[in-house]
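Following: one structure in structure tokens, then a few remarks.
Chain naming follows the written order as A, B, C, D, E and F, and within any one chain the residues start at number 1.
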Amino acid sequence: MAINVKLGELAWPEIDALLERDPVAVLPIGAFEQHGPHLPVMVDAHLVGTVAERAATRMAESGGAIAVAPVIWTGYSPHHMDFPGTVSLDDTAFSAVAGQAAQSLARHGFRRIALLNGHGGNANLLKNLVQTLRYDHGVSAVFASYWDFALRELAAWRKSEPGGIMHACEMETSLMLASRPDLVRMDAAKDHYLEKSNYLAADLLSGGPVAAAASFKELSPTGVIGAPTLASRKRGEELLEAMVAAVAAFFEEFASWPLRDCREDKK
Amino acid sequence: MAINVKLGELAWPEIDALLERDPVAVLPIGAFEQHGPHLPVMVDAHLVGTVAERAATRMAESGGAIAVAPVIWTGYSPHHMDFPGTVSLDDTAFSAVAGQAAQSLARHGFRRIALLNGHGGNANLLKNLVQTLRYDHGVSAVFASYWDFALRELAAWRKSEPGGIMHACEMETSLMLASRPDLVRMDAAKDHYLEKSNYLAADLLSGGPVAAAASFKELSPTGVIGAPTLASRKRGEELLEAMVAAVAAFFEEFASWPLRDCREDKK
Amino acid sequence: MAINVKLGELAWPEIDALLERDPVAVLPIGAFEQHGPHLPVMVDAHLVGTVAERAATRMAESGGAIAVAPVIWTGYSPHHMDFPGTVSLDDTAFSAVAGQAAQSLARHGFRRIALLNGHGGNANLLKNLVQTLRYDHGVSAVFASYWDFALRELAAWRKSEPGGIMHACEMETSLMLASRPDLVRMDAAKDHYLEKSNYLAADLLSGGPVAAAASFKELSPTGVIGAPTLASRKRGEELLEAMVAAVAAFFEEFASWPLRDCREDKK
Amino acid sequence: MAINVKLGELAWPEIDALLERDPVAVLPIGAFEQHGPHLPVMVDAHLVGTVAERAATRMAESGGAIAVAPVIWTGYSPHHMDFPGTVSLDDTAFSAVAGQAAQSLARHGFRRIALLNGHGGNANLLKNLVQTLRYDHGVSAVFASYWDFALRELAAWRKSEPGGIMHACEMETSLMLASRPDLVRMDAAKDHYLEKSNYLAADLLSGGPVAAAASFKELSPTGVIGAPTLASRKRGEELLEAMVAAVAAFFEEFASWPLRDCREDKK
Amino acid sequence: MAINVKLGELAWPEIDALLERDPVAVLPIGAFEQHGPHLPVMVDAHLVGTVAERAATRMAESGGAIAVAPVIWTGYSPHHMDFPGTVSLDDTAFSAVAGQAAQSLARHGFRRIALLNGHGGNANLLKNLVQTLRYDHGVSAVFASYWDFALRELAAWRKSEPGGIMHACEMETSLMLASRPDLVRMDAAKDHYLEKSNYLAADLLSGGPVAAAASFKELSPTGVIGAPTLASRKRGEELLEAMVAAVAAFFEEFASWPLRDCREDKK
Amino acid sequence: MAINVKLGELAWPEIDALLERDPVAVLPIGAFEQHGPHLPVMVDAHLVGTVAERAATRMAESGGAIAVAPVIWTGYSPHHMDFPGTVSLDDTAFSAVAGQAAQSLARHGFRRIALLNGHGGNANLLKNLVQTLRYDHGVSAVFASYWDFALRELAAWRKSEPGGIMHACEMETSLMLASRPDLVRMDAAKDHYLEKSNYLAADLLSGGPVAAAASFKELSPTGVIGAPTLASRKRGEELLEAMVAAVAAFFEEFASWPLRDCREDKK
């Protein structure tokens, strides 16, 4: 029988029993924002939930103790609000939801809480949340975006030139083709590249030293930045597998981290 | 082909097209809290999402314009925090999530926003939210708990005496048996009644004039208040159908309300 | 000599002595908002203060320990702001005033704090306040609107059809005639009924499943909803007496509630 | 017939008519805090309300347009919380109540709003409120403590040496004897002087350059600072009359101030 | 070798050692706002830093334990925002910066924290901060504006009539000539007096009972209030010396205050 | 005569004149935190101010329009609070100070505002601030940490192995030796390396996918992470020059960016 890693499908005495095993708790955090004319608005929420559940299931099947909360789908997306359908919280509310969910888990005894992110625009806030959870609330948690565990694999996998992986792009379109092909409208996909810059990022894999704020409407008429036309279902399946494997490997290691703090001093 | 009422599965140009039809937008709001030893913690989120999607689909199939957002599963449940697995926001964060989601929808042009609730503990906050959305943000929305549309049907349907319908009870257990029987552990279900009171509510259908606050741990050792052992799948299906029909009827009427305000003066 | 139940007229050593007797503390909460052309703006503050002091005096005269704070007259009335004279707090400030007053009393040792409400628009916020006082601040308090203790009496008493008791109506006008006839201008009173609705409340005694927000200016040109022309001083005196008796009965029972929590489990 | 200056006793059409005359609106702000063993906790609220209503009545009787709101009795008194009966808001809530009351009045068209203060501990917050009302909300208001209009008269009137007028002292006890003698327990009055300091204030009439924070419990075992035993009813009546006259004179002048701003430039 | 009183120039083990000596910590707080056409915008920050460091050095040279933090230059100056260059925080942010800096120092063991102010517009907020630090955070601190220690000297020193010392005036211009003559443009200085008032302050040395809020643009076309043309470098040096001496005398006394609270009761 | 780029040393008419030239405004933001036993606590504030002023002066000397505000020295450093001397704001206050300073500048007409950062712990908050300034306040600003402009130069310059550049390290010690050698105590410097990790960053130049929160006290007994013993004054001067040149180059380019938004679409 399949192991159920969905926290929401357990009754409280089952969660009580799980807590005995010092489990990893995964809190997937997505967004609800335009992803061009060819992808649905729930891409980020769907993908982070998919990666989280698959990676957790893999770990649970090897005997690991782990549970995954439902996806928090209300992300931080003010830069997408000029396109219909985007739902965005402000920074305070967004941090409060993720933070209080983590605090709730910590109160019940979860000691290994991973905030797994699926939307670039959430990252600064969630990195900061890890600080305030610790220093303002005494709760330890770690943060990562799922793609960051597989950056090398991603670089090897891509067919696009720099600029092709950013938003509703070669990567996201392929991952959606792999997991929800019914929701992808490849005929509506159209590539869009940003102008090169020495200072501002134009691709997920090559950043710049300067951060600015620009509405996607100013950057791209379709809401796409990158090369969705290069996406394929088969390559999407390969990439998804690589990401799930990398995230599962981290969950395994995280389960063994000493709890006092996340690192050991070197003499 | 089935009509898709899930807002999250539409791309932004599809949402743009839907907005031309002055659609109803439904924001289902649940909770994530203990529901006794026989039900999973996601009962409230699951049931409100189920009712919302079925009712909306019914309306859409008759040609109505309607879309349903994903369920906000992070509710207001401090009174359940003494049981493991409960995830609760504080009142400010809870109201901010639902309120900013509604504001996002309003900004895109949705003018008929229904906050459909699935957790009693959320109700005061969401009723107040309807006020602050209007007076602080200029956004019109309406609020209702799904069961409130079918109180008469519920009274006729029940087998339990007063005290039997409150939490993880005859009603919720039956509705879960109807929609997710795989997650119900009837062998673990055990009834629990509150002492009668002239002042405090002891059943969903009979309130009292006084409001107090008590942790469920003080009220019930199992987290149940009511009579889950009287639940049945068949009767659950009947009740679910009655509720879906009543909610769909409201959606239909809501779609025709004049927009200036929700009521007409009588001379 | 009359017993003084006004907390504000006691010196601190007298309050110290009262605290030895485990007294009930009553915090009356009103509003300051238009009540049509025939009633003054302080109706809600006046009536809740009157009921509170009369009921408390009755209990004190039977030997009970009780004190009444001055009325908090700054209520939550954004829906009345389109009429001159209304003074309204926003929801955060309103809850903070009542909540911090209750916290102050709790800090001094009052363990039986009753928030007695005199304005319908305050109710959701105060019900929620009872929750946050308990879960965020560890303070126990109970909430009720004074009329809710006498709903049956009210139903028997009324002469108006449904729609006649809502705001500046048969009930409030009669109660004002009974307690401050000098401030009632019966010649300016004019009835106003809302259109019937299956979903929205149109009378204090018959609610609906849906909550919406509407400025009173949209609902009634005079600010009245109900039938003030049916009011009478004599019947007002009868109703006031019924309400004072019902509230006094609750104060008596409240004084005997076990303190751990407000209810006892049933085996 | 007496002129009614109580805003709360007017119906909205009467307030509408008053607004035509560009009236002064007075918002009296007191406190609810221990005043030694011989005075009740509502001294500050009572005195500021009394001065406000008498001064306003005087102006109204000479034909001036003026109305007085009920007293805001919830002040800022954390330094008195060690004595039973004190009710105190925190600084944010206190400023919100007074500020939002002023904003409500301004929205209806009141353009001459005077915050009349009756508690020293409120003064810094209300002075700041005048700034935030103007710069954050565009509302003009002025602030003063009632005794500050009669400092010279007070200096001439006193019998106590420096240190005798501070809290529950020669001044406040005399004013209470003049207005509510039934609430004064002169047999319980006992003088208490602070040690002299070059830096810290020890009397209402002689300040120091340094501000510190000390609980009254640390400063005085009875809660008194000053010389209540020197109080007398007759002298209290004289002082109250002087203060009412001085405040009325200010109201008269305030009614004639140019509205653009409170001062004229000198070339 | 000169003693270093700058906290920022010490390494943490040096601060650790200083804490053994129960030192005074000085937190100078200025502003960044227009000071007429003849003075730079950093006048307030510069002057309070200069006085603080000179006074502290004097005390340290006599063997006292004292350290001075860098100046907080972001003050509360909304009334100067109509002139270019002014940088102002709102009241919440301003109080948070000064308050959290004081809390940080207290956490490390500093028990004698002096908030030394250099801008009149900050005073109400900082006086209140001393209260909230104590009652909300348990941190003791004292507040003073540097000129308040030398009001008598200032009265004797001035050449201007009342109205000559207010902003960018005889006093500030002289102090700048004494400490940063390179930044003073005496040829651009022009006097400006406010109209006399019985109620509003028109000079630093003579206040009034009423507080109002007015943009400096309304009060003075140049941003000056007072008589900068009467300023002189030599007299500025004399005044600066008097102020430094008076502040140093306070620091010395403050170092010896009993810590429980700032005052002793008198029997 | 040297060009003055210090905004604080200009009078308002001079700032008015500068604004005609569409200048760059630089807001340097540092921290006040332990930097091991060999460096003072004001390292971050000092270095970012030094780089900002030197780079701005270079640009001004070539005719560019630019001004530098004083350093905001109150940073976000909760992870250093276990060492004496650290002064840290919480995240809300920190963001408010920097954000409101930027809003003040924008109100006066500055349209090219650069938040130049000198403390790694501030980066997430300031990146987010750029978003909230734009989306919540309509203010455009850009963010960068000064070292990020010279990462390649830094990689070439370093002598330490990975782990040698992190905090109070080879880089910061060298830069201090170059600019304030009097404040460096090389005899107290001691190297400290973190254990290697696949997931967590152990050097400024090599990050990891996971973010956690750890007090520096847990990570290093001295507060140092890196290799300060490899620092030298001569190499520090070279590195400082490289950084100033890189920052100046950015300021020059920033002055020419189109203002509508920071990027141009590519067709």
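Please note the rule applied: a residue touches a chain if its C-beta (ideal position, glycine included) is under 8 Å from a C-beta of that chain, and two chains touch if they have at least 3 such contacts.
Quick caveat, the model's predicted, so the values are computed rather than measured.
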{"item": "Between subunit B and subunit D, the fewest steps along chains that touch one another", "value": "2"}
{"item": "Distance between the centres, which are taken as Cα means, of subunit F and subunit A, whole angstrom", "value": "29"}
{"item": "Averaged-CA centre spacing for the pair subunit F and subunit B, given as whole angstrom", "value": "50"}
{"item": "Shared interface positions of subunit D, touching two or more other chains", "value": "81, 90"}
{"item": "Overall pattern in which the protein chains touch one another (line/ring/star/complete/other)", "value": "ring"}
{"item": "Cyclic ordering of chains (reference subunit D, direction subunit E)", "value": "D, E, F, A, B, C"}
{"item": "Complex contact set, residues of subunit C against subunit D", "value": "7-13, 15-16, 19, 32, 34-42, 45-46, 69-70, 72-74, 81, 83-90, 92-93, 96-97, 100-101, 104-105, 107-109, 183, 185, 188, 223"}
{"item": "Subunit F partner contacts - residues on subunit A that touch it in the complex", "value": "76, 78-79, 81, 90-91, 121, 124-128, 130-136, 140, 142-145, 148-149, 151, 192-195, 197-200, 209-215, 218-221, 250, 253, 260-266"}
